[in-house]
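Quick one: structure below, then a few questions.
Read from first to last, the chains carry the letters A, B, C and D; within each, the first residue is number 1.
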Amino acid sequence: MNKDKKEYPKVKPIDLKDDYSIENLIEEFQQSGVFGPGRVGKAVDIYAKMIKEKAVIFLGLAGALVPGGMRQIITEMIRKEMVHVIVSTGANITHDIIEAVGGKHLRQIPYKSDKELREKSIDRIYDAFVDDESFMKLEDNLRPIFEDIWNNHKDENNSLTLPSYKWLELIGERINDKNSFVRTAYEKKVPIFVPAISDSILGLHMWLFSQTHKILIDDLADLGKVQQLAWDANKAGTLFLGGGVPKNYIFQSRLMSPKSFDYAIQITMDRVETGGLSGASLEEAISWGKVDEESSMVTVIADITLVLPLIYAGTLAKTK
Amino acid sequence: MNKDKKEYPKVKPIDLKDDYSIENLIEEFQQSGVFGPGRVGKAVDIYAKMIKEKAVIFLGLAGALVPGGMRQIITEMIRKEMVHVIVSTGANITHDIIEAVGGKHLRQIPYKSDKELREKSIDRIYDAFVDDESFMKLEDNLRPIFEDIWNNHKDENNSLTLPSYKWLELIGERINDKNSFVRTAYEKKVPIFVPAISDSILGLHMWLFSQTHKILIDDLADLGKVQQLAWDANKAGTLFLGGGVPKNYIFQSRLMSPKSFDYAIQITMDRVETGGLSGASLEEAISWGKVDEESSMVTVIADITLVLPLIYAGTLAKTK
Amino acid sequence: MNKDKKEYPKVKPIDLKDDYSIENLIEEFQQSGVFGPGRVGKAVDIYAKMIKEKAVIFLGLAGALVPGGMRQIITEMIRKEMVHVIVSTGANITHDIIEAVGGKHLRQIPYKSDKELREKSIDRIYDAFVDDESFMKLEDNLRPIFEDIWNNHKDENNSLTLPSYKWLELIGERINDKNSFVRTAYEKKVPIFVPAISDSILGLHMWLFSQTHKILIDDLADLGKVQQLAWDANKAGTLFLGGGVPKNYIFQSRLMSPKSFDYAIQITMDRVETGGLSGASLEEAISWGKVDEESSMVTVIADITLVLPLIYAGTLAKTK
Amino acid sequence: MNKDKKEYPKVKPIDLKDDYSIENLIEEFQQSGVFGPGRVGKAVDIYAKMIKEKAVIFLGLAGALVPGGMRQIITEMIRKEMVHVIVSTGANITHDIIEAVGGKHLRQIPYKSDKELREKSIDRIYDAFVDDESFMKLEDNLRPIFEDIWNNHKDENNSLTLPSYKWLELIGERINDKNSFVRTAYEKKVPIFVPAISDSILGLHMWLFSQTHKILIDDLADLGKVQQLAWDANKAGTLFLGGGVPKNYIFQSRLMSPKSFDYAIQITMDRVETGGLSGASLEEAISWGKVDEESSMVTVIADITLVLPLIYAGTLAKTK
């Protein structure tokens, strides 16, 4: 008979009362401790630890986070200094600005086919929608922003070459919406890197502007900056909302640093078995020296929009 | 320009305070209304509606729900009359009884390989564990339960033929644990059907007992009973925790009824594209006459253990 | 510098000519050796080894295999003695018999909604279809089969109690279609266990028949038989097409044997992280003593209908 | 009774002989016509149609395609003019060049933990591996390539600003390996766009070079070029191997064109329900005007490495 077995913690069945808070829920998750609840509970612990130990926290934004209702939480995470460096797809930036300029993400639109939506000028993002009017508002607002940036920052040769994080900083400065995370990042001096900025509607508008103004995005200067931030971090952690470019870009930022990431949380529905980085285990990253065996890390297998609110509110409660 | 677009609801970004309750969270989910949160929010609405309209609610139990910490919630759902008929895999019954007789589900057991676990007599269920001691307790407790059932219920020919729901009722009567859902179902007169009872450790113990006692499980009598319950239900709803036999068995229970299911909620990670019933859309069930086009239904794509607590607590709050 | 690294095999890029055979394809897969192709290649090796070493091979059938076009391959596997024991869901048996009696699985049916299909009396299984006419043919043909079985096998008390594998044997004897796997299994003396036979249209018809004839399915006798077959097997292997009841039932058949399974192949799209058995890794089964650390095993993450043909034809080529 | 039902094609069960070719296999898939085989069969038809109708074919490369053994097939697709424009992640380019300069992707490396791999300087990509030696070879070879490009192409101001497709063309010109797709694309004048080139080891080496040489990647010039190619295409088709940046970048290339894509094939394991573009249905793209309702399109839900070989060889056979 194996005596030490008695020492292992039990899976305490989750038990909830009507008036339980999210904090209570997370405690129940942590005492259950297995499957999805165990992973969410661990994510809260790791996130709280990152904050307490003053790690530099890198946030990766991929997938349809803004259309999926995550905009305010991202903004609050920046405002509450739960995040210090952001790497994003172009789409999330585009959709943040759309909301900032009065555009809308809609829902519960009945339709018979995507063709019907096309005829109504409504674009679909699974069960969220955005109408062409919103994209027109984006266009109307981006043009004067680009003009203003140009007028204030063009160099003596009548050209403007900036890394993406500088472009985002200057755009954020010109956005008038306290709920925008691009704006809030500007205010809180959180750099936003968008390595594939050209791969977005925002990028298309930059291209349009580039037809009449000599502008460039200096990707390599971005790389220098993000590596500097990673190098300078005594402790560093990362929260990956989805995979894609942001995940790889954040991980490679510390490849040349003497130290790897100390904490890593990823939320994804992608599978590990296809070999792609988006679904890759965090353990695999140990072999690359991106994280340490001693690093705290957890992968939550879930729709981000379902569990980010829990992890955010749980971490808030735990660190207040 | 399409005027009526102004009428569509917006995706309201989820916004949470430190002290928010699960009820608040569900409200935020419902106002966001898309992706996973939209589905969970809709599941709460449908579940609350089922209860308010006094539907007969069929619960399907598949997957490792008890090792995954869902036992107490299932018990509470029965106790609070949120569930009226249960169809379960044999495994969930087995694990409920294991906990009832003092067995344990464990976690955070460090191990190098499954071989090491084998040597330690610990069985793994993803990141939950159960030791052979617990299975021995099960064995020690089931034997006298079977003896007692035999002594009280064998017929004049010294044999005992019962449908699974009767076996479960008699077992539940003999379980001394208020947190057991098998016990609670007995108390609340909620029948539990286990169509593949032989496909479980419980089934193996019944087989052992059958070597010395003439017992039979009358699957066809089960079928008659479950169809009667479905036929008699004025309104009927179903909550599928996973797919497998329970999902199909519940759906087919109303195939011969004049009416199909009025409400359906399923929680699953299985995919629709392989064609299997476990991942099949609820809409597909319309073509079979299992649900109506007018039925309220929603599929939540998530780890059951993560979202059942939310749906349960949200529905509680909404119906109190 | 790590000298021994030179010894590891390379991932040879897959290279195909126009006229390559499936055998060539499998060889390319094996020389690439990673991700999906590596798994399929390993499955072929293990299957060929099972056959060469004269293992008793248990086949698990779950999911919509017959509507998905796998019927002939299953039949051929039985005919060619690549399979010796079958455990199936009731649905796969039902759909095999539907085709045997002239019913059809259809495709490319245009429809606007599942309601329209309902009105046309067509049932949908993802993108396959079966019409109510086929179910009527099933009914018309099952009734005389049950009558004939009854007349020939009822006991002196005017009742008939048989384990599912006996029911299937007697049904198979009465099916007149050489492409039916239920028929072919009868001919090749391959027992088919259907632990949840009541959970199917076939089961509903047995129930209907039971309203006028005293019939019973003896699940516990099935359990005795399958365990005997597992016990008697010197070497035993398993091929799981999907999870569900068949996977668990096969695995538990050797729980009481002195030996566990020597080979295991599973094909599934289910995920490991939810803790359910259908998606569970084969490695986890080591902790339960269902397979050995020394067992040859592989999980192929794919739509069964896509890779079973490759594994079947590849194994045929390798063992001819 | 519905007469026209007789007209619908049947699901013909897949039937294979020992010596069947991949062409035969695809025919069987097409006659089965449902689930995965139906989708692969349709992909072959669409791909063959794209080629016959002389569409400009855009190929998206995401995920670990080269470590997963797809390098030769990509090269052959370029050589055989089955592909005319490529959009790739930086990683696939990096791994192609690694193999071109004598680096290796390995397999079947036994290890106890990723830490052990780290100590051995072996990086893991699921079950494929690449050693640091290979990365050193990459470094040793890239430096002189960059020097040579610099010497031949720097402008009068001692700087070099090029879009990614030009960088790739100049690199391809300097690669001495006929099996390299970067080289083959150069030879066949197939432009390769890498919108997030900085997000890769290749990008890191460009950054290193930029520390001593004034180089820039002109993302916006890339955007102009890809849109020109899309605009000029009379008919246009796309084959998405995975999602990510390549999928979005290809789709947005025709957003400003008068015409959308006429054909689209995507292979992915990503799910539709999370709302991210990688898993998004092709039908959703109709609402955006990226494809037409009349477009031929299909999504294959599978590990790319398993089905690309089938689709490639099947299309070859069909178009020879």
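Note that in this section a residue touches a chain if its C-beta (ideal position, glycine included) is under 8 Å from a C-beta of that chain, and two chains touch if they have at least 3 such contacts.
Since this is a predicted model, take the numbers as computed values, not measurements.
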Copies chain A, chain D: same or different interface, half of numbers shared as the threshold?
-> same
If we define chain centres by averaging CA atoms, which chain lands farthest from chain A? Would you check?
-> C
Using the average of all C-alpha atoms in each chain as its centre, how far is it in Å between chain A and chain B?
-> 35
Quick one: report the Å distance separating chain A from chain D, using the average Cα coordinate of each chain.
-> 26
Note: chain C sits from chain A at a C-alpha centroid distance in Å of 44
For chain C, which residues are shared contacts with two or more other chains?
-> 34-36, 64, 67-68, 122, 126-128, 271, 273-275, 301, 303, 305
Overall pattern in which the protein chains touch one another (line/ring/star/complete/other) = complete
Touching residues on chain C, where the partner in the complex is chain A = 34-36, 112, 271, 273-275, 301
Quick one: in the complex, what on chain D touches chain C?
-> 1-2, 5, 8-23, 25, 28-29, 32-38, 40, 64, 66-73, 76, 99, 104-109, 120-122, 126-129, 131, 133, 179, 301-303, 305-307, 309-310, 312-313, 316-317, 320
Which of the residues in chain A come into contact with chain D in the complex?
-> 62-64, 67-68, 89, 91, 113-115, 117-118, 122-128, 161, 195-201, 203-204, 206-207, 210-211, 215-220, 222-224, 227, 242, 244-245, 248-249, 252, 255-256, 269-278, 280, 283-289, 293, 303-305
